[in-house]
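Before anything else, here is the set of structures, which you'll find just below.
One chain, chain A, appears in both complexes that follow, with chain B as partner in the first and chain C in the second.
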Partner chain A sequence: MAGGYTGKLLRIDLGKRSHSVENIPEEIIKKYIGGKGISAYLLYKELPAKCDPLGPENILVFANGPLTGTLAPASSRVTVSTKSPLTGGWLDSNCGGFWGPELKYAGYDVLVIAGCAEKPTVVVIEDETIRFESAAELGGYDCPKTEKTLKEKYGADHRVACIGPAGENRLPLAGIIAEGRAFGRGGSGAVMGSKNLKAIVVRGRGSVEIARYEAFLTANNEAMNELTINPDTGGSRPKYGTNNILSAMDVLGIHPVHNFQGIPWSGAEKLNEEVLADQYFKKNKACFACPIRCSKVSRVDSGKYKGSVVEGPEYENVWSFGAQCGNADPGAVIEAERLCDFYGLDSISVGNAVGFAMECYERGLITENQVGFALKFTDDDAMIKLVHLMGTNEGFGQVIGRGVKQAAAIIGKNAADFAMHVKGMELPAYDPRSAFGMGLAYATSDRGGCHLRAFPVGAEVLQNRGRMDPFSTEYKADLVKSQQEWFAIVDSIGLCLFATFALTPRQVTLLLAGLTGIEEFASADYLITAGERIYNLTRLFNIREGFGKKDDTLPSRLLNEPMPSGPAKGLTVDLEPMLKEYYYIRGWDEEGVPKKETLDRLGLKQ
Partner chain B sequence: MRRIIVRKENCSGCRSCQVICSMHHEKHVAPSEARIRVKSDYPWKEEPAVCQQCKNPACQRACAAGAITAGGTVPVIDNEKCTRCFECVKACPFAAIWENGAKMPLVCDTCSGQYLCVRWCQPKALTLGEED
Partner chain C sequence: MNSKVKVKVQFLGPFRETAGKRQDVLEVEPDVRAAIAEIERIFQLKTPESELAPSGVFVNGRHVSLLSKEKMLLKDNDIITFMHYVSGG
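Then we have the complex of A and B:
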């Protein structure tokens, strides 16, 4: 087997309480690389079309990349892929921390979880020993308590990925939590809950082999240098965490306010990177082998949220529990993010959904009677209460915890006009009216409203220096397509996306070729084509589930309501011309279906 | 004497030290074969443990076979004499010696003076110094 890979797939059938180990063929590794790519191959092959995401046919695929668990900087990532209960389509969600590397040391590149356990179960993986243990005593436990209990039982060296009450209640906004890090988006926690699987405990004592030791070490030296001298990964990110961009996003009009209503907002000065770093960050924390250490442990030292501790807060949550809900108290942001980790919730979607509910309330679409309390923008008490209700699946939490798309359908009237999602997944912290490329990125993201399938905001404004017009549709199709290809590779090799802010394909190919010894991986062209293959395969998955051009769109607010303030004042996203060009350069037909010649070129079959 | 100074308050818990240590000695990545290890208590505590080059080393005193030569340096363990009793592991006040199956106990050997863990420690939790 090539270096970096264990070459093994562990398949667990929860219904039969059995497991088997399969060899992963080298041709599959060369074609789909690992992580997201190999998961797309497995899900497209094994999942019956139109299956119930919360039924026994759905599978969870956890997959490492070749770099996961090695010296390569920020090589902590492991991907979970499944059919999403939030969108009904493709979902891959990756997580940092230490769980993925531990799975690899236990001997597995890929873990497939199939079937449903009869009773709540914990799967324990200790190298080649697989055990199914009762989770009866853990029922209803929050994530930190679950982790603590399992670590006390099995050992402090064991790594835990678990669900909280939200996952047990099969809430579509539930994620899987792995010791302060999360497989957050798209409802993988609900799928785990539907399988009666409370936690996966892993301990590995094995090793990862290196094909060309000296070449790999040299590549790591170069990569480390690039990360250290880069102003983001070696400067602002270690200092401010992911919130390093907040001030810029605010000034550029990208930071969405009050559920994307675009009104002026003064909260940035209370929530910006300087404030958090000065008053709240107590400790730097890193994922496996990561020199960036963007994670911060924060604690609130005064006010009504005194004592609240979280690993974060991340930029996305400073937005979702900040500007999105009109809250400018960092304490409330920290408490809300802590609650998401506590209950096992997707903190982006949850904050988005609270803001959506607040707008519905202010427009009279829902009443105090329905919610149980007044739900006005800027009311942080109401925000926290609603997060609790989602976590415990009680009262109005049962409606809003289904995500804004499904909640809008339940609320009725014109609530759907204010539901800020794409394909059912809640949008994150970027208003595309201030950066048009981001609109195309949202519309064509394979898992729905997401900033991690392409991040044009980077090229459009952050590192722009006047080379690209954020308010133009020109070049955006190319930008989005090429980023989707590259990000698909990053999500397949086990590297954190943040590392690629500094690392170019040069360093990535050197790392991969040195580690694996696979000649083809030395070619950036080869990898980018593999990325294109993976992105077309997730497209085929979505088409099989009934998605098409009608779903490659944006919430009507972004297409029809001109931005009322800021640099993009008066603008809406001109999506159609970008989408048309995007389909054309992708080799997809006018309905967004990959043409036969495109699939042939990529070695795919529908 | 030059040795590794540990500042645990700087440690981010990333374990690059364990990775490079296992790579240098075993030519593959295996944190469970490292001669430096980080113990974590989430979310506040990270504690790297590595040989502190004691002047009056407990490991040497604990070794009934007389296999350990130490004292102001990292311990040198004689493979012929070592009986794999792992009394040194229990004796080390820094918990910086580890069992390794049927093989010799694992302890820092400074990578022949290269101190690679120090070189790969970005947050500077590990530095080289002359402190006692």
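Then we have the complex of A and C:
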């Protein structure tokens, strides 16, 4: 087997309480690399079309990349893939921390969870020993308590990925929490809950083979140096965490306010990177083998949220529980993010949904009677109450916790016009009226409203060289396509996306070729073609589930309501020309279906 | 000869540390390039570190390289932002 890989797939059937270990063919590894890629291959091959995402037919695929668990910098990443209960389509969700490396040390590149346990279960993986244990006493436990209980039972050296009450209640906004890090988006926690699987505990005592030791170490040293001297990964990110861009996003009019209504907002004065770093960050934290250490532990020392502690807050949540809800109290942001980790919720979608509910309330579409309390923008007490209701699946939380698309359908009237999602997944912290390429990235993201399938904002407003006009549609199709392909590779090799802010494709190929010894991986062109293959495969998955051009769109607000203030004042996203060009250069037909010659070139079959 | 205009200047991230403040109001030449040079000189923003870390200067949220010809002349109350190098959130 090539270096970096164990070559093993562990398949667990919860219904039969059985497991088997399979060899992963080298041709599959060469074609799909690992992580997201190999998961796309497995899900497209094994999942019946139109299956119930919360039924026993759905599977959860946890997959490492070759770099996961190696000395390579920022190589902690593991991906979970499944059919999303939030969107009904493709979902892959990527997590840092230590769980993925531990799975590899236990001997597995891939873990497939199938079937449904009869009773609440914990799966314990200790190298080749697999046990199914009762989770009866863990029922209703929050994530930190679940983790603590399991570590006390099995040992502090065991790694835990678990769900909280939100996952047990099969909430479409539920994620899987792995010791403070999260497989956050798209409802993988609900799928785990539907399988009666409370937690997966892993302990591995193996190691990772390196094919070309000297070449790998040389590439590794170069990568480490690059990350250290880069002004982002070695400068502002270690210092400010992911919130390092808040002021920039605010100044550039990209930071969405009050559910993307685009009104002026002064909250950045209280939530910007400097305030959080100076007043709330208590210590740095890093994922496995990461020199960036973007993660921060924050604590609230005064006010009504005094004592609240969280690993974060991340930029996305400073937005989702900040400007999105009109809140400018950092304490409330920290408490809301803590609650998401506590209940096992996707903090981007939850904050987006709270802002959506606030707008529904202010427009009179929902009442105090329905919600149980007044729900106005800027009311942080109401924001926190609603997060609790989602976490416990009570009251109005049962409506809004289904995500904004489904909630808008329940609320009715014109709520769908300002439900800020794509394909059912809530949008994150970037208003594409201020960066048109981001609009195309959202519209064509395989998992829905997401900034991690392509991030053109970087080229549109942040980079000093190769800058594009954010208010132009020109060249955006090519930018988004190439980023989607590269990001698909990054999510397949086990590397954190943040590392690629500093590392070039050449540096990544040197790492991969040295580690694996696979000649093809020394070619960036080969890898990018693999990324294209993976992105076409997730497209085929979505088409099989009924998605198409009609779903490659944006919320009405972004297409029809001109930005009322800021640099993009008066602008909407001109999506159609970008989408048309995107389909053309992708080799897809006018309905967004990959053409036969495209699939043939990539070695895919519909 | 053009009279000076009063602009708000924002310093983000490391620029705040170099400038010693997050923002200021200054009277500068209306020509954008002259104004930027003047601000860089006043606050000694050109450091060896800043040369290594390419950053951006924005006028009213628009990068200077993308300003139209008429926008290259500043007006009263315009906002000039010195932004540190960041790549994403």
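Just so we're on the same page, the second predicted complex is superposed on the first by the 602 of 606 C-alpha atoms of A that agree within 3 Å, B and C clash if a C-alpha of one lies under 4 Å from a C-alpha of the other, contacts with A are read in each partner's own complex, and residues count from 1 in each chain.
Going forward, contacts are C-beta pairs under 8 Å (C-beta built on N, C-alpha and C of every residue); 3 or more make two chains touch, one makes a residue touch a chain.
A quick note: this is a predicted structure, and the numbers were derived from the prediction, not measured.
When the two complexes are overlaid on their common chain A, residue A:T87 makes contact with neither chain B nor chain C. Look at A:N244: by the touch rule set out above, it reaches chain C but stays clear of chain B. Shared-chain residue A:E179: touches chain B; no touch with chain C. In the superposition on chain A, contact of A:L462 is made with chain C only, not with chain B.
Of the two partner chains placed by superposition, only chain C is touched by A:G253; chain B is not. Within chain A, not a single residue is touched by chain B in the first complex and by chain C in the second. Chain contact summary for the complex, chain A toward chain B: residues 69-71, 98, 105, 147, 156, 179-180, 204-210, 213, 217, 224, 228, 283-291, 293, 295, 297, 309, 311. Here chain C touches chain A in the complex through residues 10, 12-14, 16, 22, 52-56, 58, 60-63, 65-66, 79, 81, 83-89, going by the rule given at the top. Within the complex formed with chain C, the chain A residues making contact are 229, 231-233, 235-237, 240, 242-249, 251-253, 273-274, 314-316, 429, 434, 451, 455, 457-458, 461-465, 467, 469, 497-498, 501, 566-567. The residues of chain B lying in touch with chain A in their complex are 12-16, 19-20, 22-23, 26-33, 39-44, 120, 122-123.
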